[in-house]
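There are structures below to look over.
In what comes next, subunit A is part of two complexes: it sits with subunit B in the first one and with subunit C in the second one.
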Partner chain A sequence: MSSHNSIQQLAELLQNHAKPVIRPQRLALSPIYDLDYRMAVIALAFAIHSTKTSEGEHRIDTSRLKLLQFVAQRPSLLPAMNQWASSKKTSPLLRGSSQRLRRGYMGDSTYDQVVEYMIACGILRPEGQYLALGRNGSYVDSIRLASEKESMFTQERFTLAELLRMRVTVAMLEGR
Partner chain B sequence: MIRLTFIAVRGTSSRGPFEGRLELGDGVQVISAQNSYGKSLAAKAVAWCFGVEVMFGVPANDAAFFPDAVCEELDFPEASGAQVLSSECSIGLLQSDGRSLVLTRSIIGGDRTMIEVLEGQNNEESTRKSVLQTKHRSMQDQTGGFQHFFFEWMGWPRTKVLTFRGDSSELYLENLAPSFYIEQKEGWTALQALQVGRYSQLQIREIATEYLLGALDQIAFRVSEQEGTQQRAVLKEAADEIANRVNGLFNVRGWPLSWSSHGSIASVAKRWRESTLVELLKSQANVDLETRISTLTTRIEALRKALTTDPIDPADLSSMAAVSQQAIELKNERHRLNVELNSLKIQHSQAIELGASLDARIQSASDVLRLKSTGVGRLDHIECPTCHRDLDPSTFSLSKQSSEEIEAHLEGLKRDRALIRSNAANISAAMAAQAGSINVVDEQLKEAESTLTSVSDSIGTVREQLTRRAADLSAAEREQDRAVGIRREIAQLQVEIDGWLKRADALESTGAAQTDIAQRRSKLQESLARYIRELGHSAVTLDNIDKLRLDEDYVPYLGVRRLHALGSASDQSRLIAAYSLAVADASKSLGGLHPGFVLLDEPLQQNPDDEHRELLFSSLTSDLSTIGFQLVIFTWLPKTDIARLEAAGIQVLHPTGRHFLKLLPDPAITATDGPSSIDPVQAELPKSEAPNTLVGPGSDEETFADEETGSPGGDEPP
Partner chain C sequence: MRRIPEWRTDTCLRRHPDFVSYTESLLIVAFRLLPMTSVNAYAKEFGALTESAFETEACIRLEHTVSGFQRVPPKPQGDGGLDGFSHKGMRGYCCYGPIPTSFTKPKDLEKAIVAKFSSDLRRLCEVDTQKTSLIHKANEALPNILPVGAKLAEIILICNWFESHKIIGPLHTALPTYLKASKCNFVSPEADLQIIGPVEFAQRYYADELALYSLQSRTIIEKVKTSASTLAVAPPQGFDAKMATLKLIRPGKDAAIDGLAEDFRHDWRMNLAFEQELDETLPDLHRALQDGRRRILTRVNQRMLSSSEPWNELPEMVAEAREILRIEFGAYANMVDDVSNGEIARLIGICPIDWEAT
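The block that comes next holds the complex of A and B.
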C-alpha cells in the first residue's frame, strides 16, 4: 500500500512540476564487473600465489584462487580473513564471519565466467582442481610487471601480499 | 652606473712584500692568463672587497674561499715557500658622474670585519677615508655599516623583503651580486647559482632581478602580496581558533550548532556576517539567553519569597514525591541521551568504514581507467583455440566497460565519498553536542539527587518543604550564574568575531597594483634573445627564437620547455652568460639599478673547443664590443686570439710570469709590516711606477690626495 502511495506521489510530482534528471554516474556499473579488471586481479592473484610443481609449472587451486581474488577486490575483508585464518570463533551473523565470507566468494559467479573466458583465451588451463598457465600465459606476467612499473592495483597487490602471510586451509575453503 | 678601475692584492711574506694588480678600463676587458696564474684570486678579491663572501657558502668574514696561496704560502720565482704574514685586497670603483671609491679589506693579519673606504669626489683632489664594518647588521647600521654606505653611495634605495619565518628582512648586496658576478665553479651551474638561501628571504631571485631592472613598484607589490598571503594564513588560523572555542562552548551546553571556519577568508567572513552568535542560538537551537536569565531571575525571586515569607502548609506531602520524580525523569533523560550517543557512535564508525571502502573503490576504479587508457596487458586478438573464431566476452555473460563509463562511475564514487565525509563530520558534531547534553543532564541529576537526599533526611512536612524550596533556590541561582557566564563568554567571542571580520575586510580591500613590470620583462626578454643568439646557444635558432620567453619568475623558456633543460651541456654556461649580460643591458636601457659591470670568471672553462671559443670571439668583436657597461672576463686565450681581439679594439690583459702576485723589490718595507701599514691611496700608482701592474690601452686610472694625511696619493710605492 505504501509502495503504491509512493508511486502515486511520484506520478503526481512528474505530472505537475518535477523535472527528471538523469545522472549517468548513477547508471554506470562499478568497474568490479569489468572484464579487464577481473582478469587483472585474477592474473595478479595467480602470479603472487601460484606454486611451482616438480615439473616447473605454475599452478593454483581453483577454490583458493576464487577466495584470493574475492578478498583482493575487497581489502576491507582482510581483518575478517585474518581472524578466520587465526581460527578465532566469530558469530556467524557478524559481517566478515567465515560463513558469510564463504557465502560471498562461493556466490561470485562472475569469477567462474571470467576463468572460463581466460581458459578460452588460452591464458589459463584447467588441470583437475588446479589452474595452470595456458599458451597465452604471458598475459599474467605482463599484468604483474606493468602494474608494478606503473604503480597500478597497489591495494589489490597489497591485499594479495598480506594473504600470503595467512594460512588458507582446505577447511577454510570449505567454509568450516 | 659604476665600473671597476683596478683589482689589487698585496701583503707581506717571510721573503718580503708582494703585490699583484690589474688595471681595468671601459667596455669589454679580457684578462687572459694561464691556469693557476691567480685569475680566480683576483676575481674573488672583488667579492671580498664588496663583503659578499656569504654567497660562496662560507660564514661572513671567513676568507676560506680564497686560494691557499694568499692565505698561507706563496711560491715566487725567486723565493719558493714564502710564508704569508699578512694580505689584503683592494678594488677601485668609478661612478659615471666622476665619483670614485677604493675599497680595501684585510684577508689575513688584519680585521676582516672592516672595510676601508676611500671616497673621491668629482674632479677634486680631496678624498675621505672611513672604516666601515661588514659584520652583522651592516645594512642597518646607519653610521658604520658598509652596505648602508654603499647603497647610499650607489643611490640604491633600501628594499624590504619578507622571510619564510614571516618577519621582515632587506635586499642585500649579496642578493644582487649573483646576477653580475659569475664565479668560476658554482656560478656556471644555474642562474643566480650563488644566490644566498640561508637568509630565508621569500622569492629573492625574482626580487633581485626586479631590483636590477629598476622595478621597485613591482617589488613593493610582490612584498605586499606576500604579506597578504601571510596575513591570510594568520587570519585563517585565528578563524579556526575562534570557531573551535565557539563550538566547544556550544558542545559543552549540548547545543547542536556548528560555527564553521571552513573555506576561504571571504566565504568565512560572509558566513559569519549572516548572524551573530546570539541570533544563531535563538534561531537554530531555540536558546534565548536573555529570556532565560530573566525567567531565572523571576523564579529566584519567587523561590526566595516562598522560602522566607510565604506560608507553609503542614499537610502538604508532595515535596518528597516531586523531588523523587524529578530525579527519575532526569535519569530517564540521561539514559535516552546515552542510547542516542551510542547509536551515533555506531553510525560514525560505519561512516568511517564506508569512507575507507569508497577510497579503495575509487583507487581501483582509477587503476582500471589507467588500464583502459594504457592498454597494459591487453590481448589484441582473442580467438578460440579449437575453432579459431573470435571470442566475444558476451558469450560468457561478461562485459567490458568503456573509459567513459568508468569515468562516470568514478565521478559518482567521489560524490558519494564527499557525502559520506560530510555525513561523518556531521555525526561527529552531533556526538559532541550529545556528550554536552549528557553533561548538562548529569549536573542537573547530581543536584536533583542531592535535593532528594536532603528532603528525605528532613523530618516533618514543613522541613521537607523548606529544604526543597532552599535546594530549588540554590539550583536556580547556580543556573542563573551559569547562564550569565555563558552570556559573557558569548559576548566576548562575538567581540573577537567582529574584530576578525574587520581584519578580513581590511585584507580583502587591498587591490591589485598597476606596475610596468610587463614592459621591463619584455625588455629583458629582448636582450636575452639577442645575447643568447650572439653567444650561440644550440637550442635557440632563428626559426624558434620568437618562442623564447621569460615566465613570471624570470626563468627562460623556449616554447613550453625550460631553456635550462635544452641544448648541450656546454650551452648551460652560454645561457648564464647571456642572462647576466641581458640583465645589465636591459637595466641600462630602462634606467635600472644594475651596478654597471659584469664579471665572468672562466666562461670558456666548460667548452674549450675551437667552435665555442670562436662563438665567444665573434660576439666579443661584434655586438659585445659596443655594450654600454663594463664586462670583465677572466679566461685563457692563445696568442692568435689575443691579437684578433686587440685588433678589434678589445682590451686584453695578458700578463707574463707564473703568478699574479709578485715579490716587490723595495727593501724598505720589512717582512713584519702588516697590511694596515699599506695605504690604499699609495697603492694608486701611476702606470709606469706600479710594480707588476697590468695596464690596458683603455684604462682610466684615478689618483687621489689623502686629506687626512696630506700626502699625495700615488706618488710613492707601497
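The block that comes next holds the complex of A and C.
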C-alpha cells in the first residue's frame, strides 16, 4: 500500500497548486507489437537459419522459426537458451531455469498471427510443418541486405548468429 | 510489401490497426500455452518450485481440494515436522522441495530426500537416533498442533522430485522402524505413508486450468519481487525535471518530495520487472498489459479533465487501474493487485501524467 500512500501524498501536494498535463504520446507501445518489426525479425531468422533442400529451396521448421524469433527479440534470454540447449547433456536435474523460456515461446501467439499475415502476403509459403519462401519471398533477402547495409537490427542479428551455435532439438521445439 | 526505408525506430512504435486482436485470445491462451493437459502443465510448474515456495503452493492446493485441511505455520515456533493435516488429524502432510541444481548426481538428491523425510517421520514418531538405536524425544509442537487424542493414520510425503524408486524402499522401511520405537502419542501404530511427486500431486488434487493460472500468477509475482530488487532504473530527464518543478511549486517540501520520488522509482522497478517477466514468459498477457495501460491513461485523462479537483482523482485511479487490468488479465486477475498501484506510479514516472504551476 506504500505506493497508494505516495499517490495520495502527491495528490495533496499538487491540489490547488498545479494543473495536470496529460501527455498520451509518452505512452509508447513496445515495438515488439509492431507488425513491421515482427516481420523483419522473422525474415532475418528465416534468412539466417533456413536450410536448403535437395531441390535448392530454402525452408525452416515453423516451430524452430517461432523459437528463434522469440529469442532474437529478447537477447537477454540467450543464457537461458544456452542452458536449455545444453542441459540434456549435463544433468537431468537441471530444470526450471529454462521453463520460463519454454512457456514464453510457446505462448507467443503474435508469431502465429504475423506468419499468417506473411503467408497471405506471399512472403512465406506453408509446406507441412515447414515454411518456405513464397512468390514475394524476395522480401526476406531485401530485409537481410538492408539491415546489414544500414546496420539495423544489430542486436537481433547478433542473437540469431549466436543461436546458430546452439543445438535446437525436436524435444526443445516441443517445449520439453 | 513494405519498403525498406520504412524501417525506423519511430515506425516501430506504431501499431498495425488490423493486426492485434488479443483481448479475446486471453482466455484461450492457456490452451495454446503448452501442448499438454493442465495436469501435466501444473505438475511441471509445481515441480519447478523449491523450498518454501513449493511448500506454500502444496498447502494452497490442499486447502482448495481437501476438506478441513489445516496448514501449520513453520515460523516462528516450528511445525513439529508437519506442514499440514486433515481428516481431523488422521492424515498428515509433509512437503520437501529441494533445489535439484544444487545436487550434481541424482543419487545425492535421492539421499537428501530420504534424509529429510526420515527426519520428519522421526519427529512425528517422537524418536531420535542415538548411535545405532532409537530413543524417545518429545515433540513439543505437536500437542499444540493436532486435535486432542488425534493420531496420524496416514502420512503423505510430497516432494518436488519423484523420478527414482530408490527413495520408496528406505522410507517405507523407516516408518515401521520408528513406529516400533515410538510411544505413538501422535501417530497410529498402524500408520501408513505414501510418497508423491508433482505428477501424482497434480492428478490427485485436481490441478485444473484455474489451479495452473493461480500457480503461474504466484510464481510470477514472486519472481518479479526478487528481480525488481536487482533492477536499476535510470529515469528519463523528464522525471527529474518533474520533481524539480514540484519542489518549485511547493517550496519547503523538499524532503517529502524526495521521498515520493524514491517511492515512485521503487514502484517503477517493480513495474519494469513485472513487464519483463510477462514479456518473456506470458507474451499474450504482456500485450494485454500494454492495452490496459492505454485504457488507464484514457481514464486518467477523462477523470482529471472533468473534475474540479483533478488531483484528487489520482488516488481513485489506482482502484480503476485494478479494475481495468482485471478485465484484461482474465483468469490471471489475482496477480493484478500487486501491480495496479505500480501502474499509476509508472504513468507518473514515464511522464504521461505531468503537471505545471497554476
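Methods note: the second predicted complex is superposed on the first by the 144 of 176 C-alpha atoms of A that agree within 3 Å, B and C clash if a C-alpha of one lies under 4 Å from a C-alpha of the other, contacts with A are read in each partner's own complex, and residues count from 1 in each chain.
Please note the rule applied: contacts are C-beta pairs under 8 Å (C-beta built on N, C-alpha and C of every residue); 3 or more make two chains touch, one makes a residue touch a chain.
This one's a predicted model, so the numbers in the text were calculated from it and none came from an experiment.
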In the superposed arrangement, does A:6 touch subunit B (first), subunit C (second), both or neither?
-> second
Give the label of whichever partner, subunit B or subunit C, reaches more residues of subunit A.
-> C
Of the partners subunit B and subunit C, which touch A:21 in the superposed model: first, second, both, neither?
-> second
Touching partner for A:165 - first (subunit B), second (subunit C), both, neither | neither
Does the superposition put A:154 against subunit B (first), subunit C (second), both, or neither?
-> first
Touching A:139 in the superposition: subunit B (first), subunit C (second), both, neither?
-> both
With the two structures laid over each other on chain A, which partner does A:103 touch: subunit B (first), subunit C (second), both, or neither?
-> second
For A:34, select first, second, both or neither according to whether it touches subunit B, subunit C, the two together, or no partner.
-> both
For A:52, is the partner it touches subunit B (first), subunit C (second), both, or none of the two (neither)?
-> neither
If you lay the two complexes on top of each other, which residues of subunit A touch subunit B in one and subunit C in the other?
-> 23-24, 26-37, 40, 74, 76, 110, 113-114, 117, 121, 123, 136, 139, 142-143, 146-147, 150, 152
In the complex with subunit A, residue positions of subunit C that touch it = 1-2, 4, 6-7, 9, 11-16, 19-20, 22, 25, 29, 32-35, 44-45, 47-48, 50, 100-101, 103-104, 106, 109, 161, 163, 238, 245-246, 249-250, 253, 256-257, 260, 263-264, 266-267, 276-277, 279-284, 286-287, 290, 293-294, 297-298, 300-301, 304-305, 309-312, 314-315, 317-318, 341-342, 344-345, 347-348, 350-358
Hey, which residues of subunit A end up touching subunit C in the complex?
-> 1-4, 6-24, 26-37, 39-40, 70, 74, 76-77, 91-97, 99-101, 103-104, 106-110, 113-114, 117, 121, 123, 136, 139, 142-143, 146-147, 150, 152, 174-175
Provide the residue numbers of subunit A that touch subunit B in the complex, in ascending order.
-> 23-38, 40, 43, 73-76, 110, 113-114, 116-117, 120-123, 135-136, 139, 142-143, 146-147, 150, 152-156
What part of subunit B is in contact with subunit A in the complex they form?
-> 353, 356-357, 360-361, 363-365, 367-372, 374, 376-379, 382, 384-385, 391, 393, 396-401, 405-406, 408-412, 415
